[in-house]
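Here come two complexes built around chain A, the first alongside chain B, the second alongside chain C.
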Partner chain A sequence: MSFLPQAIVDALLLGGIYTLMVIGLSVSLGITRVINFVHGEAIMLGAYAAYWGLTLLKIDPLLALPIVALLGAVIGFLVFKGLIAPVLDAPQENQILLTFGLGLVLQNIALILWTGNERSSNPPYAFSSFDFDTVSIPGGRLIAVCAAIIMVVALFIWLKYGEWGRASRALAENRDAAILMGINVPFLYAFTFGLASALAAATGVICSFIFAITPFMGFDMLVKGFAIIILGGLGSIVGSVAGAFLLAFAETTVAYYVPSGNGWAEAVAFVVMFITLIIRPRGIVGQVTGQ
Partner chain B sequence: MYGRLAILAAAGFVQGTLIAHAQDTIKIGVALELSGRFVSFGSYCKDGVEFASELYGNTTVAGKRVEFIYRDLQSDAQTTVTAFTELLSTQGINYVIGPTASPIAAAAIGPWRQTKPIWLVPGASTTTMETEVGAEPTFFHTYPYAYHYHETLSAALRHYLGEGKRVAVVYVDDAYGRTHLPLVKEYFTKAGFEIVAEEVMRANSPDLNPVLSKIRSARPDILIGLVQSTDAVTLAKQVHTRNMKIPYLVGAASTQHREWQDAVGEAQEGWIGLGTYLPHLVNWPANPEYPKIFMSTSEWERLFEARFKREPNYDDIMCYTNAGQLLIALEKAGGDNKDKVAEELAKLDTMSPFGPTKFTKTRGGTRNQAFSSMLVFQRHQNKNILLYPLSVAKDATLYQAPR
Partner chain C sequence: MATQLIRGGSILLALAFVGLTLISYPSINDLAFRVAMLIIVATSWNIMANAGLVSLGHSAFWGVGAYVGLLTANTGMPLGVSITFGFLAGGLLGILLAIATARLRGFFFAICTLGLSEGLRVVALMLPNITGGAVGLFLAQEARPPLKLIFLLGSIGAILAVAIAIVLSRLPFHYACRAMRNQERAAQMLGVDPRIYRARVMALAGALAGAAGSLNAMYGGYIDPSIAFTLRVTIESQIAPILGGLYTIAGPVLGSGVIVLLAEWTRLAFGANEGLSQLIFGGILVFAILFMPLGIVGVWTKARARRRRDSSMVRGGDPPDAKPRRAGA
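Moving on, here comes the complex of A and B:
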């Protein structure tokens, strides 16, 4: 039996999920230059928001998504203003430690509030699938791909045509010039971080009906996300998307065609990352220019 | 000068108080997975131990205060080594309950060997425990080993399905999965089943579709998932979504857990599981010798539900019973004498809410094994249907999974 058609479908679906996982991370790194270790916890909190919305208020996760994303944006904005902005000019180690510590705090707050019991949202479409002879397309993952496409396209449109989007690109290219042009840099940094948090929270909503939700789910996603953005090119959204799909195809190929491949598939991310760092340190698309 | 003398006197007083306190206190370490991957096992076990401590009353044994010292192993091997070393070598504790998960218990073996305290392990089906420490007189295993699982499961499925059925296995790449896999193959082959596929998955794998595609191509009649925790949720949901058309689905570890059932929703229908305890199913009688701590099962369940506002699971009642056994053994031994306590614990043969507490030797070489009998059940319309042993499963029907 040929697995090729199913393998291609699985790789595309996994690529969509990986795109969701990294897009916010790429935005925050590309524009604010903050290596955001709290990104995984933003996904986790988005997942819990969707879960509790469904369980307590009977709100479908997809309907809750805009609200959760907006909440994520507001919280991300406030976190940046209150905690991260003061260390923006400090050594990068300080930023890493700060965001890492914040991530641990959020993880443990979630653990205290909701325990470590595994949960999952189960709207009807979570178990749907489209079956064609030898190929099966899970509905939940297809939704994830569609959401990824919408988010990436919307982000590109905003960056290219939106006033603040163009300002963000200017800021990413040259902060001093952006200040001289009258761009409110502190506000834009916080806004962008809020946007990244919104994307992460939205990712969490989607993940809530695909994966098991626990307070620890964010860290694995964060580690994978960093591997992808290193592969794609730090701070490049196009690179991150390319990296997501490249990694998804690599992992899926190994899982299908290498004996006991699923046991090795996760290691593929790190092998690919090591090779990229050695051969092409700036990633597939290239690194954002330094200040 | 007088100031220095006063400080010295105060320090001496404090130290003397601490020493006196230590001498008046029997410490019992409770080392559990209170966070991380196996938190659903460890946190329930902690509830069970705390409940035993509360019901025993003031927790005083042979005139000494009993203090339970809890440590969170974070479901992490390195943290386990550190915690055990601290409890055993630094604090000098002679009694430990836990952990529950196979890989975590295996990690504790090294530090345990330093002082070899009395070690009650209410979990850890991995036979690594049996091989490494089973013969030790202070090791007490109070949960079935992997071979108990598959001996019971294969017999149950053979009873309902006959011989010749095709079996596929998905196993997680850790101590749990790698221990259970050869035993599945051994016992199911012996029972007349054919193993047609075995696929490994890494813990926390986000995508099981490649595994499921390969499993599906083998066209099995039975799928056995040797997975736990979040992996069991991912497996059940993806199996259900993929319309695998495998009639019988077996979750060796998680099917009995309310968390798994709630997390997977409709996907739980038809899953077969094993356990040592299902609430409100078996009612062991009260123990007239220890009525305060070893009441009847139904009375224990009533008190537990009133206290914790939820249905108990096997970790609760098993750890409760282990704590009760240890407290009774301490009482019989007359105090904190490890060897005497081990002796009393080994020969303790009494009734508990969890069943008879007798420790016996296993075929694999564990000197002190209790509670190795298992129940096989199936999730059907959000209820547990008992399938095996036949003596308690009355006119049961084995249903096929809906998708």
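Moving on, here comes the complex of A and C:
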């Protein structure tokens, strides 16, 4: 097939974008064990922040990225302290419903403030592309993949060597032992949640020049993100990255080689999720089972 | 005494709810029909929640019921048959989902239901030969049932759903479900096979939501993938029981009334922007989970228990202010 190289490139780029979407989710699920339905909304708000930064203040999205991420971290920290911490020990159902409700609130605030119109931040590099013989690489997506690589590597270094990173791994492994070791668990929970929100906001900034920005963009990404998490295994960052690329390859294959595959590709995530849950609920490398 | 009053009142209310469909006042009929539909799906959601199965995909049952109902009606079948088919389709989907999710609980289960409804939306979009795809599906003009009949069936359906919930709550089935919610493994030890109970619960819940979806589609006369599998149903069917009172019978009913009236009020007061009512629903969800996890029913029973305690104190000899109370007691 003549478009095989292009298909592979597309899948790799899509995998990078999915990695971005899922990495923050993986952190918050893996360490705080909070089922976070607000994550998609954090992505959405990050995208709007980038859009307004470019439209009103003429700040390039990539320059705005650190600021937006920092804002996301602060807001995430506060949201966790104020709203999520009280249900941390409540049944899982309460967390699901609480964060679902919170997502609904944010989504509709965005809808009321900024209408449902599709927007896009259009920095010059959004439409650039690198063309080779048989392959064309869109610039915007390439940036997304680079950002994904940087974030994943930074996250790994932090988890491996950082003081709080090590503490958060300990927390994920055994909460009671972490408390006994003198780790400030309530703070660390909120901090990790803030970190996840920062990653989400940064993802939003990058998505602002790749996808259309709407109040509902986050929810669609979230559903896909959960599918990837389940495929990769709950609580494993390596698994999430692997899941992101697996899904990207599956979707691209369907899009290229199945008749009217572009539409069907949207359903691939759900099929993959169901198959994973039936055959191997713990995912590719997860430690947590379906119980 | 109070219980009998409540019982009598509810029967009167149910009769009034059916009687309401006999008067012809379109906006009231429409409102009552929406309440009735929400009562059915909220009760269905609550039946599943009672067994520890949090659904984020009730629109899957609803949407499948809607498609099956409309397609059946367009072949010339009478209303009763298309609703029955919607009922059966929803039930079948429930059983299939129960089989597929046999081992899953909590988050995994919830995300599966969400994935199912999103996935079905894509399928409906991609099979235009059957579903009409993005263009949608119209109810044939000659298949259109009289509105009065739809309203009547809606009210009766809502009452039937509540009646089913009442009957269920008296059966051992109910306690088995509750045991599953609290500790599935322990329930298993006691001889409750979770897989069978799960299949039954989800068949019933799916069938109720499917029937409601098909009736609603007959009322609207048109569906497309995003209308049939709308997230709205998923959201409202979970907010109504939580606001009213989780795991209770009156909860979904109360919650449904409040939710529909609230949606109507925001529509009248602030125009057709759906964002605001959804915003309020989200706020209610957050507030209810944080501050009144037992809902309106919970607040009511707590108040009643307090009143009873106070009055028994008065009757019990000591006048309440015989001893100076300690501050803060």
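Methods note: the second predicted complex is superposed on the first by the 286 of 291 C-alpha atoms of A that agree within 3 Å, B and C clash if a C-alpha of one lies under 4 Å from a C-alpha of the other, contacts with A are read in each partner's own complex, and residues count from 1 in each chain.
The rule we apply is simple: a contact is a pair of C-beta atoms (placed from the backbone, for glycine too) under 8 Å apart; a residue touches a chain by one contact, two chains touch by 3 or more.
Values in this document were obtained by computation on a predicted structure and should not be read as measured data.
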item	value
Overlay on chain A: chain C relative to chain B, clash or fit	clash
Partner chain(s) touched by A:111 [first = chain B, second = chain C, both, neither]	both
Touching partner for A:127 - first (chain B), second (chain C), both, neither	first
First, second, both or neither for A:260, with chain B first and chain C second	both
Contacts of A:10 with chain B and chain C, given as first, second, both or neither	first
Touching partner for A:150 - first (chain B), second (chain C), both, neither	neither
Chain B versus chain C as contact partner of A:139, first or second or both or neither	first
First, second, both or neither for A:93, with chain B first and chain C second	second
Selected from 8-16, 26-34, 44-52 or 314-322: the stretch of chain C that, after superposition, runs into chain B	26-34
Common interface positions of chain A, toward chain B and toward chain C	111, 260, 263-264, 266
Complex contact set, residues of chain B against chain A	35-37, 39-40, 43, 173, 199-202, 204-211, 213-214, 217, 229-230, 233-234, 237-238, 240-243, 259-260, 262-267
Touching residues on chain C, where the partner in the complex is chain A	49, 52, 54, 56, 100-101, 103-108, 110-112, 114-116, 118-119, 122-123, 125-126, 231, 235, 238-239, 242, 273, 275-276, 278-279, 281-286, 289-290, 293
Chain C-touching residues of chain A, taken from the complex the two chains share	35, 83, 86-87, 90, 92-94, 96-98, 100-109, 111-112, 215, 219, 223, 226-227, 230, 260, 263-264, 266-267, 269-271, 273-274, 277-278, 281, 290-291
Parts of chain A lying in touch with chain B, wherever the complex brings them together	1, 3, 6-7, 10, 13-14, 17, 111, 115-120, 122, 126-129, 131, 136, 138-140, 210-214, 216-217, 220, 251-252, 255-256, 260-266
